[in-house]
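In order of appearance the chains are A, B and C, and numbering begins at 1 in each one.
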Amino acid sequence: MPSTQNPPLSGAALDPTSVRPPIDDATIERIAPAQLRARLEALKAEGYAMLLDLGAVDYLERRPRFDVVYHLLKLPPKPATLSEVGTPARLRLLCGIDEGQRLPTAMDIWKSADWAEREIYDLFGIVFDGHADLRRIQMPLDWEGHPLRKDYPTRGPARERSPRPAFASKTNVVAGTPPSGRTLEALQEEVKRARES
Amino acid sequence: MTLSVNPAMPEVVSQSENTMVLSMGPQHPSTHGVLQIVLEIDSENVVKADPEIGYLHTGIEKTAEGLFWTQAQTALERMDYLAPSSNALGYALAAEKLLGITDRIPPRAQVVRVLQMELTRIASHCVWLGTHGIDLGAISVFFYCFDLRENILDLQEATGGARMHPNYIRIGGLNGDLPQGYIERLDAVIEKFPGRLRELRGLLQANPIFQDRTIDVGVLTPEEALQWSVTGPALRASGIAYDVRRAFPYCGYETYQFDIPTRVEADAYARFLVRLDEMEESMRIVEQARKRLDTPGPVMIDDPKVALPPKETIALSMEALIHHFKLISEGFRVPPGDVYHAIEGPRGELGYYLVSNGENRPYRVRVRPPSLYNLQALKGIAPGNLIADLVVMIGSLDPVFGEVDR
Amino acid sequence: MAVGPGGFMLARVDDVARWAQSSSVWPLTMGLACCAIEMMSVTSAEYDIARLGSEVFRSSPRQADLMIVSGRVAQKMAPVIKRLYDQMADPKWVISMGACASSGGMFDNYAIVQGVDTVIPVDVYVPGCPPTPDGLLYAVNLIQQQIREGGRGGIFVRA
């Protein structure tokens, strides 16, 4: 919640992918969900033979909320020796989608997208259309909630309100909450109830 | 038919016509950790193998989002627990790229980082070979391998204080210089290694039973390997010479002389040979790094905004005290941006996609786990083989479940 | 135990049973994470748990009497551990090895069970991340002490 202690985010704090620090790690491309499938097929045909990784990031206050990130590697065909491999090219494809939006699967382009997409569905709740078997992979099948979302508490919803030692890190506590955990209003409520009883 | 098994009840689920569905794991002597494979078998032949993971999901990535940049490393180090320094190195290099201090890391720190990385690679391959041998019934190999590993763990304990998770490689350099007596112990390990590797080769390489069980088993063609995003020794055993140390060098790897062993047979025996050859190449790098250790120098970057000031200066200098206080209580802030940096871990390309939004905590740490993609290839290579071959295949792909599940 | 006339040895049956049980504690391979590697180091030649009697680590719970929970227990794995513990035959003992198994360790989050003793009863806790193999050897020594000195074990079933 915005307050004087938590001003609303803007610029790079809101969307870290909008700044480009001087790092030469990959070619970066941002794409809309509607063109994603065509672009992935084109890249595969261009020689990006390996889908290195497929991950997601939750930018809670940004619209679109999620970024699904494809890391691709371009290798020469059948490189048997080191000199043939040379320096492969890396590409990072970022696709921003909103809550509730679905993405097409990449499973039939690169088989390794199978588990990666299942993990994104499990931990972020992003659904991939056309996936053969989209079910949870890391959490138990009957788990509720998507743990890596930013609004999911780190300690899990069941233990969020449980007492914990004072020296534990207060990652789930809203800024402005006093160390006792109780706000002034709650304290006044308690006093009032104690006086009435 | 979708195989869905309630993980709490691993028993025979269905039996139709000729095939039987059997759950192998999650507690099993040969699955190298907590892996459940839902096997559809026709007598001894595997018709379909569907690995189920998640039995070690620790929420490391989520935990790292709530810790300072230096604290997150302790959680991330416990992913690939056979080669902990490799996790630390990849994370430190990626964070240093975001901080923009990659060029200012002292050369001695880079040399020691390479040394730690290669020693931990040898230690990891020792565990792989020992457990692979146990799976196949060659139990003596385990003891030889772990004896070598004990020497390396002694060295790691000397640097960071702990045998397995030394937390020695930090963002900005190292925790401290190598202790007294380290070089002599390292020399002793370097001396012992060739004889021990000869013994390991002698135990298994020409053993006809081992060859019968691993040759032509689990063949992973290069096209399949690329489709399944397999990296590391398994990819190099299929004929594709992709090694991150050569393709995208880091830590000065371009200045070391070493070969990248590659084979074309692409079976479990080829992966075995590649890993043994890799241990030899790692020791070559260790010897070269050892020579560079003779020149002294700083091991941590000289930037008070990132690195703790030397302990001796805290009582004398006000700035040092303030920096120390701020770094311990708040940690340093990393400029916003995202970076992908990968290193060559013992299992393949260990990549870190770090996102920072300017705060003193990582916004997102996405780890590219090599074992996850290597293990997924099992779905492709298992069908048509015997269950006993499945055990060989899992061993040759060398998964670590701390990394697969995170 | 006393040696009587004619070469007979006298002892209580319960004591002999406890002596046998404590000298041959066979662990179950419940290696989960990093602590499992230290558990494997304990079986290696340097630390050698076999000299304490743990000659083999049985994979089948029916044949093991000690469960060493070594590593972090994820939410998905907790029912499996409970099931394996139920499948072990009495008398059985449990060592919770490492910080993660004892209390959740450094992973105070949604995914890790905060202490395996919320799922099964534990006899000995071993601190460390991971504990050195010496620590695990000491834990097995404590289990042996527990077996010899009372509680579970022996020839008579105690509730």
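In this section, contacts are C-beta pairs under 8 Å (C-beta built on N, C-alpha and C of every residue); 3 or more make two chains touch, one makes a residue touch a chain.
It should be emphasised that the depicted structure is a prediction, and the values quoted were computed from it without experimental measurement.
J.: Of the other chains, whose C-alpha centre is the longest way from the centre of chain B?
T.: C
J.: Any chance you could check whether B-C or A-C wins on number of contacting C-beta pairs?
T.: B-C
J.: Just the number, please: Cα centre separation of chain A and chain B in whole Å.
T.: Chain centres of chain A and chain B, defined by C-alpha means, are spaced 24 Å apart.
J.: Roughly how far is chain B from chain C, going centre to centre by Cα mean, in whole Å?
T.: Spacing between the chain centres: roughly 29 Å.
J.: Give, as an integer number of Å, the spacing between the C-alpha centres of chain C and chain A.
T.: Once rounded, the distance between the two centres reads 40 Å.
J.: Hunt down the residues of chain C that sit against at least two other chains at once, touch-wise.
T.: 75-76, 108-111, in rising order.
J.: Which residues does chain A have that touch at least 2 chains other than itself?
T.: 138-140, 147, 152, 154
J.: Hunt down the residues of chain B that sit against at least two other chains at once, touch-wise.
T.: 7, 54, 57, 59, 62-63, 405
J.: Which of the residues in chain B end up touching chain A in this complex?
T.: 2, 4, 6-7, 53-54, 57, 59, 61-63, 65-67, 97-98, 100, 222, 226-229, 231, 239-243, 246-248, 260, 262, 264, 335-342, 349, 351, 353, 355-359, 363-364, 366, 368, 372-373, 376, 379-380, 405
J.: Spell out the residues on chain A that touch chain C in their complex, using ranges where they run on.
T.: Touch list, chain A to chain C: 138-140, 143, 147, 152-157, 159, 164, 168.
J.: With touch defined as at the start, can you tell me which chain B residues reach chain C in the complex?
T.: 7-10, 26-29, 33-34, 54-60, 62-63, 74-75, 78, 81-82, 84, 127, 130-131, 142-143, 146-147, 149-150, 153, 162-165, 401-402, 405
J.: Note which residues of chain C are touching chain B in the complex, please.
T.: Touch residues, chain C against chain B: 29-34, 36-38, 40-41, 44-46, 59, 71-72, 74-77, 79-80, 83-84, 106-112, 129-130, 132.
J.: Name, in rising order, each residue of chain C that touches chain A in their complex.
T.: Going through chain C, the ones touching chain A are 75-76, 108-111, 114.
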